[in-house]
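Down below are the structures I want you to see.
What follows is chain A paired twice: with chain B in the first complex and chain C in the second.
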Partner chain A sequence: MEAPPVTMMPVTGGTINMMEYLLQGSVLDHSLESLIHRLRGLCDNMEPETFLDHEMVFLLKGQQASPFVLRARRSMDRAGAPWHLRYLGQPEMGDKNRHALVRNCVDIATSENLTDFLMEMGFRMDHEFVARGHLFRKGIMKIVVYKIFRILTPGNTDNTEALSLSYLVELSVVAPAGQDVVSDDMRNFAEQLKPLVHLEKIDPKRLM
Partner chain B sequence: MRPFLLEGGSVSQMPVAEGKNVQQTVELLTRKLEMLGAEKQGTFCVDCETYHTAASTLGSQGQAGKLMYVMHNSEYPLSCFALFENGPCLVADTNFDVLMVKLKGFFQSAKASKIETRGTRYQYCDFLVKVGTVTMGPSARGISVEVEYGPCVVASDCWSLLLEFLQSFLGSHTPGAPTVFGNRHDAVYSPADTMVQYMELFNKIRKQQQVPVAGIR
Partner chain C sequence: MPTEQREEKQLEASLDALLSQVADLKNSLGSFIYKLENEYDRLTWPSVLDSFALLSGQLNTLNKVLKHEKTPLFRNQVIIPLVLSPDRDEDLMRQTEGRVPVFSHEVVPDHLRTKPDPEVEEQEKQLTTDAARIGADAAQKQIQSLNKMCSNLLEKISKEEREAESGGLRPNKQTFNPADTNALVAAVAFGKGLSNWRPSGSSGPGQPGQPGAGTILAGASGLQQVQMAGAPSQQQPMLSGVQIAQAGQPDIFRERAGRRAIPLSLAVQGQMPQRF
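And now, the complex of A and B:
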C-alpha cells in the first residue's frame, strides 16, 4: 500500500470568509408541482433530489447583547451522512446594486455526536424543526423548495405538523467575500421563475 | 482500514537516557527501529491548542470554565478534532478552525498552550510506528511513541501483539493498556481514540513539567 502523503506543516485551515448570497420566496402547496416542473427544466440535469432534515438551533449566551447561534442539521433519510454545523453571520442588505441578501457563513461537516458536544460547550437548544423538500442545482447556485414542520413533542421527529400551507423557496450561492457578481446571476435566474414564485432579498429585521 | 493505535511513552515512560537529551534519546529509539528493519516513511505532526471559556461568559452560565482542546493530525489532514477531558470528541472538517475564530468572544485560546509532537513515521510490516518530540513553545518536553497495527480494528483483539512488538524496542518502558480501551473491549477503534490518547499524553507532559494547566490564570 502506498504511504499516504504526509507533511511537516501543522494542519490548520478551513475556508476563511465565505459569504452566502440569498434570495427567498414561497409558493402555496397547490403551486408546488408547476414550480418543480419549471425548475427541472431550468436546472442542471441531475437526478431529482429530495431531502428530509432535522434542524436544531443552539444558542450560547454570554454577556454580549446577542447570543451566539449555531445550527445543527442531520439527514433523516440518509443514514450515515455527516451532520452539518452551520454558523450564519448578521445579514447585510447592502445597496440596490447588490441583488441578494449577504451573510457570512461557515459550513462544517461533523461526526454524529454534535449535539452532545455543543451542550458540553455550553450551548442550549432553542428550537428545532423538520424540513422536507427538493433540491436543485444550477452551476454554483443551489435552489431548495421545502416545507417546515413543527415538532410537537420535543426530540420526537415522528410527531410533526406542517407549519403552513406553503413551501419556502430559497436560491443561494456560497462564495468568497466580495464576489457580488454572483448576485446578478441569481437575479437573472429568479427572473426566469416568475410568475411562479417571486424570489426577493428579504430583510429578516423587517419580520421581527 | 488502519485505525489501530496505541500510543504510550512520555517523559516518565520513555525517560531521557542518562547523559542524553530528548533529541539524542529519539535518535536512540529510531536507530533501534531501523535495526529491526523498519522503513522510514515521511514525517508526522499532531498539534493541540487549548481553549478556555472566556471569563465574560462564566457568570451567566454558572459553571466552572472547562478546557476545550482543538487538535489536528497529519494522518487525517482534512479533519479537525475537538475534545473535552472525559467528554465527547467531535470529528469535524477543518472549517471548525474558522468557527473557533468566530467564537473568540466565548472561547479564548490559552496563552502559549500550544503543544505538538513531530517526528518520523516508520513502517514495519503491518505496524506503523511514530516517534515524536513533544514541544511546547521552543522547548522539547518529552517523547511520544505511537504504534498502529493495520489489519485489526478491535483494540482488545491485538493488544498482546502490540505489547510484544512494543517490548522489542521500548524494553522495560512499555506502557500499560491505554485507558481509552478501559470500558469497551469490543469497540471498533477510530481516529478519535487516537486523539484522546494524544490529548491525555500532552496533558500529562504539561503537568510533569510543573507548568500550571494552561487556561487557569
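And now, the complex of A and C:
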C-alpha cells in the first residue's frame, strides 16, 4: 500500500497550517431551549442556523501502526452543498495557561463523489453518524449544539436513534498556529455559559 | 483691625456652610423617618439603601466642611450665656423651629452642654469602677470567652449563608450530565458507541456495510449507550438479547475495543459541522 498522503509531511504556510482550538460540553435535552436562548443573546446577531449532517469516518491503513483518518461530511438538509473533507491532528491538552484543546486541522470542500474517491485510494469506512443541531458564531468563535444519532442500518440515514439524552456543545476557533490568545476569549465565553453548560478541554484519550 | 475682621468673616462663612449642611442632613433624615413611618408597607430595600447612601454622603460632606483648612477650630470658640430670661422669646422660637421657646436656666445647661448627660456620666463612672474591680486574670478570661463566642457565632452565620447559597442552587434542575459529555465526546472523537461497520473477525479494514457484522456490532454498541437515572432506556428491544448475551462476556467487547485503539492513536478528533 502507498504511504499515507501529504499531511504526514509537515505543512507550512497558507491556510493549511491551521489549528483548531476546542472546548466541549453537553446539555440535557430539557435545557436545550435555555441554552439556545442564551447563545442567541451572547452571539453575533444572525439568523438562527440549523444543520443536519451525515459524517463518515474513513481509515487508511499503511505500513505504520496507526492508520490515517479522514472525515467526510455532507449536508442532508441542503441539496447541492459541497461535501466537506476534514483532517484532524493529534489533540494537545497543553498546560494550564492554554484554556482549550488544540489540534491541527485541514478543511476542504469537495464534490459529492468523495466517498468513491476515498474508497479507490484504499480508505475504508470506520463509522458514521448523523448530527443535527444549531450553529452560532461570535467573531471567529463558532458554537455548535448538536445531537448525535447512531445509524442503525449501514448507509441508511433515515433509520437512526439518538446516542444519548444530551446535546453535544462545542466551542471552537480555527486560527493559525501559535495564536494561543484565542483560548482566553474562549474561556471567557465559556464562563458566560455556566452553570447551564460547562465547556471544558476534554482529552479524548482519557475516554478510550 | 483687618486680621480680626477677616477671621470673623471666615468664621461666619464656615458657620453658614455648616448650617446649610446640617439643614440638608436634617431634611434627609426627616424624609427618611417619614418614609419609615408612613410608607413602611411598600418600602423596598433598594430605596432604604438609597436613603442610607444619601445620609452617609451628607455626613461625609459635613465632615469635610469641618476638616476644611479654612474652617476655624470651633472648639476654640467660647459661648457664654449673657442673659437668661423666663420670658418667651419669639426670635428664638423661630430660629429653633419651635423647639426652644424660652432661653431660661432650665434649658441652657442642656443646650450649651459640652459634657455628656448626667445619667450617661453616671453610667460611665459605674463601668469604670466595675472594670477596675475585676482582676487582670478574670478580665483576660472574659475577653477570651467573648472572642470564642464571637468566632462561634461568625462560623455559624457563614455556615448558614453557605447552606442557603447551595440550597438556592439545589432546586435548579441539572442542565447537563458529565457522563453524557464524555460519551458524546468519545463518539465524535473515535466513534465510540456509534455504528461500527467493520467486521470484528478481521484485523484489517473490512468492507463497509457488511450486513452480518453490522447487526452484531450495532448490538455491541448498544452496550455503550449512556444510561441516565430515571431516564427511559433508548435500547431497541431487538438488541436487548444481544446486550444480555454480551454483558456476560465483556472481554469480547474489550478485545474489539483494543483493536480499535490502533486507529485511535492517530487520534483524529471530534468534528464540527462545517458550512460552506
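Just so we're on the same page, the second predicted complex is superposed on the first by the 194 of 208 C-alpha atoms of A that agree within 3 Å, B and C clash if a C-alpha of one lies under 4 Å from a C-alpha of the other, contacts with A are read in each partner's own complex, and residues count from 1 in each chain.
Just so we're on the same page, contacts are C-beta pairs under 8 Å (C-beta built on N, C-alpha and C of every residue); 3 or more make two chains touch, one makes a residue touch a chain.
The structure displayed is predicted, hence computed values, not measured ones.
Novice: For A:Gly62 in the superposed arrangement: first (chain B), second (chain C), both or neither?
Specialist: first
Novice: Quick check on the superposed pair: does A:Ala81 touch chain B, chain C, both, or neither? Answer first, second, both or neither.
Specialist: The answer is second: A:Ala81 touches chain C but not chain B.
Novice: Quick one: classify A:Met121 as touching chain B (first), chain C (second), both or neither.
Specialist: first
Novice: Applying the document's definition of touching, compare chain B and chain C: which contacts more of chain A?
Specialist: C
Novice: Counting only touches as set out at the top, which of chain B and chain C does A:Gly25 meet: first, second, both, neither?
Specialist: It touches chain C, and chain B stays clear.
Novice: Classify the contacts of A:Asp107 with the two partner chains as first (chain B alone), second (chain C alone), both, or neither.
Specialist: The answer is both, since A:Asp107 touches chain B and chain C.
Novice: Do chain B and chain C land on any of the same chain A residues, and which?
Specialist: 61, 68, 87, 89, 107, 109
Novice: Where on chain A is chain C touching in the complex?
Specialist: So the residues of chain A in touch with chain C come to 20, 22, 24-28, 30-31, 34-35, 49, 51, 53, 55, 57, 59, 61, 65-71, 73, 75, 81-82, 84, 86-91, 101, 103, 107, 109, 124-129, 131, 133, 135, 142, 144, 146, 148, 150-155, 161-166, 168, 170, 172, 195-198, 200, 202, 204-205, 207-208.
Novice: Can you check the complex and tell me which residues of chain B touch chain A?
Specialist: Counting only chain B, the residues touching chain A are 41-45, 47, 53-54, 56-57, 59-61, 63, 66, 68, 72-75, 77, 80, 82, 84, 87-99, 101-103, 105-107, 116, 118, 121, 123, 192.
Novice: Quick one: which bits of chain C touch chain A in the complex? Just the residue numbers, please.
Specialist: Per the stated touch rule, the residues are 169, 172-178, 180-198, 204-211, 214, 218, 221, 225-226, 228, 231, 234, 236, 257, 261-276.
Novice: Sort out for me which residues of chain A touch chain B in the complex.
Specialist: Residue list for chain A touching chain B: 3-16, 60-64, 68, 85, 87, 89, 106-111, 113-114, 116-117, 120-122.
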